[in-house]
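Dropping a structure here in structure tokens format, bear with me for questions.
By letter and in written order, the chains are A, B, C and D; residue numbering begins at 1 in each of them.
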Amino acid sequence: MAPKGLAILIGAGPNTGAGIARILASPSHGNLAVALLARRPEPLHQLTASLRASTPGSTIEAFPADTTPASLERAFSAIASHAALANLPLELAIYSVKHSSKKPFLEETHADFTDSLTTYVGGAFAFAQLAVRRFLRDHGEQPLGAPGSPPNAKKGTLVFTGTLGALRCSAQFAAYGAGRAGVRQLAQSLARELSPLGIHVVHTIANGGIRDEMGEGREDGEEEKKAVAEGKRMSAESVGRAYLWLHEQGVDLWTHELDLRPAQEKF
Amino acid sequence: MAPKGLAILIGAGPNTGAGIARILASPSHGNLAVALLARRPEPLHQLTASLRASTPGSTIEAFPADTTPASLERAFSAIASHAALANLPLELAIYSVKHSSKKPFLEETHADFTDSLTTYVGGAFAFAQLAVRRFLRDHGEQPLGAPGSPPNAKKGTLVFTGTLGALRCSAQFAAYGAGRAGVRQLAQSLARELSPLGIHVVHTIANGGIRDEMGEGREDGEEEKKAVAEGKRMSAESVGRAYLWLHEQGVDLWTHELDLRPAQEKF
Amino acid sequence: MAPKGLAILIGAGPNTGAGIARILASPSHGNLAVALLARRPEPLHQLTASLRASTPGSTIEAFPADTTPASLERAFSAIASHAALANLPLELAIYSVKHSSKKPFLEETHADFTDSLTTYVGGAFAFAQLAVRRFLRDHGEQPLGAPGSPPNAKKGTLVFTGTLGALRCSAQFAAYGAGRAGVRQLAQSLARELSPLGIHVVHTIANGGIRDEMGEGREDGEEEKKAVAEGKRMSAESVGRAYLWLHEQGVDLWTHELDLRPAQEKF
Amino acid sequence: MAPKGLAILIGAGPNTGAGIARILASPSHGNLAVALLARRPEPLHQLTASLRASTPGSTIEAFPADTTPASLERAFSAIASHAALANLPLELAIYSVKHSSKKPFLEETHADFTDSLTTYVGGAFAFAQLAVRRFLRDHGEQPLGAPGSPPNAKKGTLVFTGTLGALRCSAQFAAYGAGRAGVRQLAQSLARELSPLGIHVVHTIANGGIRDEMGEGREDGEEEKKAVAEGKRMSAESVGRAYLWLHEQGVDLWTHELDLRPAQEKF
């Protein structure tokens, strides 16, 4: 069964990213061709190979990229001209980049602090802009309800994976919190601006650990499966199913902010 | 196909409640037997008849009830001993009671203000307590991860339908806001208390109009379908699908608060 | 020096209420005549005597009352006809009623839960209505900026003492949280409705212990003074100074929500 | 009367900054020597001259600086070695830098977006770090309650002037909102980290226009005075009084987030 569209995911690590990708790419779930972006080529290619092996019938391609505009533009261009992906409309774009740092305030440097903002929040901006341009190119620029536009004319879904740090910021987490809150406000502004065009913008708030307990060759697989089954840890595939569900929301009802936590997580 | 469980919904009006019930009861969606509760018997029985007619294969039963403890207890007893529902485990309980009032502060009376709290927040409390007792009776009382307990031992989902008024309260809406915020905090406290037991508690924040454009004999059906298709109004069935999705979340990942709005709603 | 106006404080206990009253009544601070309301006459009269003794030149009168409308109306009538208070305009009204309860959800009763709402949230409503009527009677009903109205025409300040429970509600605190959140939304609605009339409505969020370390005959006085001096506990007089400051805010700049915590309180 | 300490204010414009500075410097209010920082030397020197003229007995000095670390370090060094300021302990540091921009998302550039973050959020970081180092140098590094430390050992107050954009972000305001929210989270992290040391960190949320209606030679002075007197606009001096009040809060009770709005502002 040919994929019915394209998903682009940046932040393709061995846990959250891997689980999301598997669900999106699986013919029995998302049935989307998936373009995976991550900074380091070697682990990205390994992950891609592993995901392909465990997901028969999937289309998964790797595009090493960091969050600079130049690198993201190259990746989006490569995706646009890639044989297996070229004619598929972009349906879902996910910004799921790792962002963490803890440091006493007086030990933090201005260079590291602003680098963190540029890399993480600036990266979210650049990624979002490229994704939105592709949504409009692939699905048209008409606002919802414009004369002649079709019903339920959702153009795509843009998801930012965030954390509780976007809302509450602990001691020694200034750079982390500023970045998380920055992306949350970017998402909120975009939701208000792009929603009438039919572009669905979501910010998620993951609260608790996420593990891809289905990942290949995990030594801690059994332990992780147990933690997931007992509600102590989120399964990365469950995150993927949540994102897919968000994408399946139509223009008449959509969710802008989604909290995600395992049942046993304190909050 | 026999229903796989039971849902109880209080607030069975012709829009939100009707749409939710249709989705939950439909064999191709929730496939749950649905017990509908509403204050006025006549419209409730009409609605039940209409839902049965439009949902082949469904099990839908009516139990007139208001939000007083005595009335709710009678309804839960009647449900427990109803032939078509008796052996089904409770899966989903939804508190979706109408709550609105606008009045200049100096024209409001203490009696009306506190009645509103007792009816709406007190009703949520009473409904929640009955639902939780049935979850525990039907699914056991063991906490998640207790020795010998099965994996993914979710016991059920309790949803409170709220609105933006729970977060931001306009002039002349004191009773409305106090009630909405009260139920939100009730939901938050229950989520923290019951989550480790495997009971999933959700508070939704509907922002915008909800219409059951599939309802029988709607004169404004075409207009409403258009409003839904253009992202101006929420379809009540979409709300039902969202609630069903919440119920399908497993113990490893669940959502406590869900905002719902049509794409063209300002926020 | 004759008091320049009247303050009414309900919730006159030995800590928060006492410290607030002392600051408001002190000729060198608020210089307001203070009407103290509390449920139990005996401790109220003792507190009043102690406050008078420690605050030379103050006018402090006791009016036993609970939060029912009838009781509050009697107290407001008695205040209006009391010789020492009769000709003073109401400047500041403070709802600082104790509200706490912790109970496992399934052990809570509907009667207790709704009583708590009626007493605490309904009481806030009734107190606010009486206070607002007196503000309007004493200071006129014209909105700000109406032709002929004087500049800076603030009519008075209505403060609700709240807690973090209004925002975040822990397990087993459903009644507490619902009440606290209910009053917060009441305050928010009133702020939006009454602000254009020149009535300043404030909701405070006290986070941490409050002690009146200046209270008479405290056995733990030294220990409490130390806790206050080290930023571990709030001084009740500091709360009073904060409330006085809120009252001194003019129509051009006022604060609707004020968090208060000692420096060493975790949050 | 010699100033009792030092205040440093960055963002010394003709409205908010001017009003705050006048109150802080006035011998009858803050009685603090004030170091004013702003990007453009010419207007800064004019403002300084005007403030000195209208505030007899004040000590106000100008230090042109932008929000880069190098520029801020030069300014803090110049302050430390300035004859009139050298021996004064830093009491209050205020980050009140202008930050606004509105642009359709697809017209925004990555360079402008990240410059905005670096300048505004990075600037807040650099300013905060220099201010905190001076607080510790001038007031000692002991935490509150350490053996031998004096009671009420507040070391100083660090205020960030923010806006509602830190909480709710409208369409076309992505850069603005990301910056405002970033500084808010920085402030929140610092509050949690530095509070036990006796450093008071505050984030204010100004909602509505602020005018220095006392400013010299204002052509619109009368109109502005009327807007302030009717509760349509905040007086910059009222903002200054609020900041001074925050600084006067002792370790037993302080406020982390303060909303400020004129009585007639919708919210």
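By definition in this document, contacts are C-beta pairs under 8 Å (C-beta built on N, C-alpha and C of every residue); 3 or more make two chains touch, one makes a residue touch a chain.
The shown structure was predicted, so the numbers you read here are calculated from the model rather than taken from an experiment.
Shared contact partners of subunit A and subunit D, listed by label: none present. Of all residue numbers that take part in the contact between subunit C and subunit D, over half occur on both sides, making this a same-residue interface.
Of all chains, the one whose Cα centroid sits at the greatest distance from that of subunit B is D.
If each chain is reduced to the centroid of its CA atoms, subunit B and subunit C end up 37 Å from each other. A straight line joining the Cα centres of subunit A and subunit C is 48 Å long. Subunit D has its Cα centroid 31 Å from the Cα centroid of subunit C.
Counting only residues that touch two or more partner chains, subunit D has 192. Residues of subunit A that touch subunit B in their complex: 144-145, 151-152, 154, 192, 195-196, 198, 200, 226, 228-235, 238-239, 242, 245, 249-264, 266-267. Across the complex, subunit D is touched by residues 69, 104-106, 108, 110, 113-114, 117-118, 121-122, 125-126, 128-129, 132-133, 165-166, 168-174, 177-186, 188-190, 192-194 of subunit A.
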